[in-house]
Amino acid sequence: MNIDAGATLTALLTLFGIYGLIALSLNLEYGVAGIPNFGKALFVSIGAYTTGVTYTRLLPLLAGQEAVSPCGMTLSTALQLRTAIMRDLPGIGFVNFAVTIAIAMGVGAVVGCLMSYAALRLRQEWFLALVLLVGSEIVRIFVRGYEPIICASNGVSGIAQPFFFIRDARLNSIMFMLLILIMLLVVYVYVERLVRSPYGRLLRAVRENAEVAQAMGKNVAQIRAGVMAIGSAIAAAAGVLFALNVGFVSTNDYDVALTLDIWVMVVLGGLGNPRGALLGALLITLLDRFTGIAAIQLNRTGIALEFNYFRYILLGVILLLMLRFRPRGLLPERRHATLAYQALESQAAESTGDRG
Amino acid sequence: MSALLQLRNIRKDFGGLRAVDDVSFEVERGKIVGLVGPNGSGKSTLIDVISGTIEPTMGQVIFDGRDITGKPPNTIFEYGLSRGFQEPGLFFQMTALDNTLLPVKNQRGERPTAAPWRRLWHAQEEKNALEAHNALARMEIAAQYDKLASDLSGGQMKLLEMARALMGSPTMMLLDEPTAGVAPKLAHNIFNHINALNKHFGITFLIVEHRLELLFEHVDAVIVMHMGSILAIDTPDAITSNAAVREVYLGD
Amino acid sequence: MKRFLRALLIAVFVLAFSNLAVAQDDLEIITLGVAQPFTGPLGSFGQDFTRGIQLAVMQMNAQLEAAGSKIRFEAVSQDTEGTPEGAARAVRTIVQTTNAQVIVGPLTTSEVLGAKQFVDENGIVIVAPASSGVAGGIPGDNIFRVMYPPDVYAANAFAQIAIARGYQNVVVLHVNDPFGNGLAEKFTTEFQAAGGGDVTVVSYAPNPIDLSAEATRVSAEVARLQGSGSTAFFCVCFLADAQKLLQIALVDPTLSAVEWMGIENLANPQLLEDAAIADFLRAANFISVSFADNSTPLTQPFIDSFTAEFGSAPGPFTNYAFDAANIAMLTILVAGNDGLAVKSMLPFISSHYIGTAVQAYLDENGDQAVVYYGLFQVSPDAPEFVAVGSYDGATRVVTFNQ
Amino acid sequence: MYALMALGITLTVSVIKLPNFAHAEYITVGAYAALIASQQFPGNPLLIIVIAGTAGALAALIAHLTVFRALEKQRSSTYTLLLASFAVGLILRYSLFILADSTNLFDRRIQVSLQVLLREGSLIITNIFAWVVPTSLILVMLLSLLLNHTPIGRDMRAMANNLDLARIIGVRVERVKNWTWMLVGLLAGSSGALWGIYSSVSPLMGWFAILSVFAAAILGGMSSFTGTILGAYLVAFSENTVMQFLNFQLGVDFSFKPAVPFIIIILILLFRPQGLTGLFDFLRRGELRR
């Protein structure tokens, strides 16, 4: 028994950061604005595929070298080329990272916008969920079959995170974790502020009753497109980090299972509350890590190979219990989210003060 | 005095069914007008057409000198025409105050770009909050400002709806059965509020209502619909004595 | 609810950190990591592979004990979920939890590539028993694909078979994954380099519901190519997919009339349980290869002890997992439990190891380079596969028995 | 076969008002039951199908009684139910994994030996075809009889039409729901068995097919019986024929084939959410909703 607590914690927090970002975006979309985004994997994959493209095409160009096709015969050459650049030219690595994030967020936002307009034509509420779910599979099948993006089903390996130039693997993964956590913090503050602002109120109104919101002078289609754009941009940025953390971009990672994991996090944590999303992401990553470690421990006693299956059954049971007994999550939406209450309370305090 | 709202030859077909057939009328600025008729006579469809929820098959709707036919509901609201719903159209999981704050126009904090920066909308929000509180106070539900809309009573919901509509500073309100599901005593109260708003802010009203005695006490004119067409437009007194109306509607 | 969750978390936590393994005095226990897919479409392999590895560990420990050594091995396994990201997570968890320096597994090339970044950076060694995708052939990394040869050889073997059997054209149906893509692509170049004619490649998506459209296309292609010479059909498909395809081929006049080749997966007796299919494959002169040539002294003992231990015969490729675990443990015994030392030592050890099917010898990519396939056809007398010849990867020559 | 699976979905969506993703696992449960039964009683396909149907029905009923009923009582939203159905699916799927693992039953075919019964030019009838098609047809016909000519069928139709109204006119909603779930599970289970005869059984078989099955149900308009059957044949047909056309004419790779039913789903939902039923007025007699 010699658990490397530091490395385990780093890995845990890295995963928490990435899943936290995705959960925050879904919480904004579904929890606050009521858009059932069952296509989360699509938007995460957009980030990952962007990473696959920029690290094989843009990176050599930035370093002033000719890009080699990452697929087929030149696979090894291309791999060595990008590994060398990532290791020896940290500046270029960072520029490439920043550009990747920017492109991913842009593409994510545009696709998110387009998908939200699909909602306008849909009759029943869960149709949108199905369209997004199926849409994400279509894109996955397309990328898997179409070579020029990420070498079809072969994927692209050797995608190093920006701190790869630090030779100490432990240190560079800590740096990467810090980068992710900083991004998570920024996004959390951003989402939290959105939720507490009049914009958050607007989104909740659209969630509660879109028809009435429309009659109150709000352009519902535009609002939905906006929030999908924000959420998808966040998810795509998380997708970049997801791909960098694995170091390999493959369509196999972005299927319905990923979407479901994120949904479980958001429902578990609390709909409409960004803190809930973070709590959910933390609990599920913890559960995943601990059951993983527990599987190893059980393994040593020579029993329960089937524990790997029980993990999923456990996840299903937790989800069902949550839906049954805490349908609003562990940290439900706060009622007095906006600033207006402070205004009224301070006024009330003043008037009582005058009287006193 | 010019007409605020004009309907010209409105027709609406649902499949083979003609719900509204060639309806034309005008509502003058500052008046309270009732719209009555038996179930299925096309009143609600007409409200939907005016507010932009559905598009008419034929005809034109002119509001405040502008052609609003086929415009989306949000644009029509921007022009100053606000509507209420038959089933209370509230945001039930939001507080009364949040409900009331929603329709305020040009809120800087509603833009996702400005929303994260509190100082950009802070002052405006405070001002709006006080105004919303006043609007609630006017409807005598200020004490309930931090309750969820779903926790209010039926009458309070109707009052909240009107307080909310008021925050959009409309020139005209369309109300679809403002007293449906409300105790008789409160219903009186609601109509008193309507009158007060009319007097105080000069808001024009077009009201669909089934409690005719109550309605007739407060309105300037009544439009009677039957089978999708207009049967009569007149003052309440004249309507009461109109033979045709009595025959199809008042149940003789 | 909260209380329940808290209790649950505590339970999991206790499980995770209580040391369930009872350490014995003075023994040095070295952990061998096992990363395999237990869930996902390849879930059946993970379980079986892990058993193969456990068997190797048990035998090794018994020998170590008999020899009075203080070293013991233990195998701990983790689920890769069949995805690259899952593989990365699994390998990380094993390494960080147990300080294992050598991981046996994962199964597929895309899982191996998922774990690649982490192991390269952290000096961990992966010994993959069955990954053979062309995309994984990368020199200088920490990944060794022992025992099961990369698909370039299988591609060459089938190209040679096709030439030897006098096929002028071949229609290939392959699964669209790194394995199928690589094999089909290599086969085409090798076949044409050896003087073959046209090759038409049709691919299908993994885990298909049915294959009738693909079968129609294949059938049409076969009919078309038959115009310009004798044509064969080459099935690069998994067992379950082949079963779906065979349902259609049985009643397709073109596909029933053509000769068939099929990858190693299909030399599986399970396929012949159905008499109609056995007859069909016999009539189609179906030929497959098997890397398990039953030619070393280790083969039968492995099957016997596996069956004795786990109550069922080992599945396909399980012996390679057994071999990979042995190579990993031998290297650790020589070089110590240190990733970098293992990395430099492993090619030497594996080149001196006799496997359950074939000797291991690694090329410059760290992949198996000794290739010796047996060729199998359905016996004319019974529904079983019988050896009809062999392929030698060193000379790249196919020999048929007389 | 698609028809059988999709009919189950249609029934669930219209009567229970729940898009049930655990349906996939009812199919798999049926297939495993059939597989195990086929090892116990070889050469008796009818018995195997009955056992599979019973297993599917049991799974569906238990899932309803333990999970969905309670959730419906607390008036959960459609998404909650959708998520719950995923969770039920997860639990069933991995339970089946444990079963498959302990009995070493992965990718096994249910052994019914294939024979060609009739060969007339291009028309070929095999014994499997002769089993699968009539069984499907008989099941569909029985279902149609049940729905149109029995009290329970009438109640189901009433619930599909208007739940509140059905309650008011005295339909015993809970009982009808139980029956519906059992029927749904029966359909799913027997289709799983047929599928296992046609190809092979693995714990993920239902999960891989579920979206195509949804496509069929959606194409059929989610409310009508004949529509669903038609939709099922069209999905099966289009998956192969459309793809074949694309492949032969435009050279589109078969790797994209799984996308075909998904694209159908999206197109239908966007442009013709009522499905095909409106186009086939003459077939309307079998509709659930009038």
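Descriptive notes on the structure:
When the chains are written out, they are named A, B, C and D in that same order, and each has its own residue count from 1.
Convention: a residue touches a chain if its C-beta (ideal position, glycine included) is under 8 Å from a C-beta of that chain, and two chains touch if they have at least 3 such contacts.
Note that the structure is predicted; figures quoted are calculated from it, not measured.
Put simply, the chain nearest the middle, going by average C-alpha positions, is A.
Of all chains, the one whose Cα centroid sits at the greatest distance from that of chain D is B.
When every pair of chains is scored by its C-beta contact pairs, the maximum goes to A-C. Annotation: 72 Å between the Cα-based centres of chain B and chain C. Chain geometry summary: the mean Cα position of chain A and that of chain B are 43 Å apart.
Averaged Cα coordinates give chain C a centre that lies 35 Å from the centre of chain D. Centre-to-centre spacing of chain B and chain D amounts to 48 Å, using the average Cα coordinate of each chain. The multi-chain contact residues of chain C, meaning those touching 2 or more other chains, are 39, 47, 176, 203, 205. Along chain A, residues 141, 144-145, 152-153, 305, 309, 312 each make contact with two or more other chains.
For chain D, the set of residues touching two or more other chains reads 94, 97, 101, 253, 255-256, 258.
The chain pairs satisfying the stated touch condition come to A-B, A-C, A-D, C-D. Interface of chain D with chain C (complex): residues 94, 97, 100-101, 104, 106-109, 111, 113-116, 124, 126, 128, 198-200, 202-204, 208-209, 212, 239-241, 243-244, 247-248, 253-258.
Looking at the complex, you find that chain B touches chain A at residues 51, 53, 72-74, 77-78, 82-83, 85, 89-95, 97-98, 101-103, 105, 107-112, 115-116, 118, 121-122, 125-126, 128-130, 132-133, 145-146, 148, 164, 168.
Residue ranges on chain C touching chain D, taken from their complex, read 39-41, 43-44, 47, 176, 202-205, 207-210, 212-214, 216-217, 220, 239-240, 243-244, 247, 250-251, 270, 273-277, 312.
Looking at the complex, you find that chain C touches chain A at residues 1-2, 4-5, 8-9, 12-13, 15-21, 38-39, 47, 50, 74-79, 81-86, 88-90, 92-99, 110, 113-114, 116-118, 121-123, 133, 135, 137-139, 176-178, 181-182, 185, 203, 205-206. Per the touch definition, chain A reaches chain B in the complex via residues 189-190, 193-194, 197-202, 204-205, 208-209, 211-220, 226-227, 230, 333, 335-336, 338-341, 343-344, 347.
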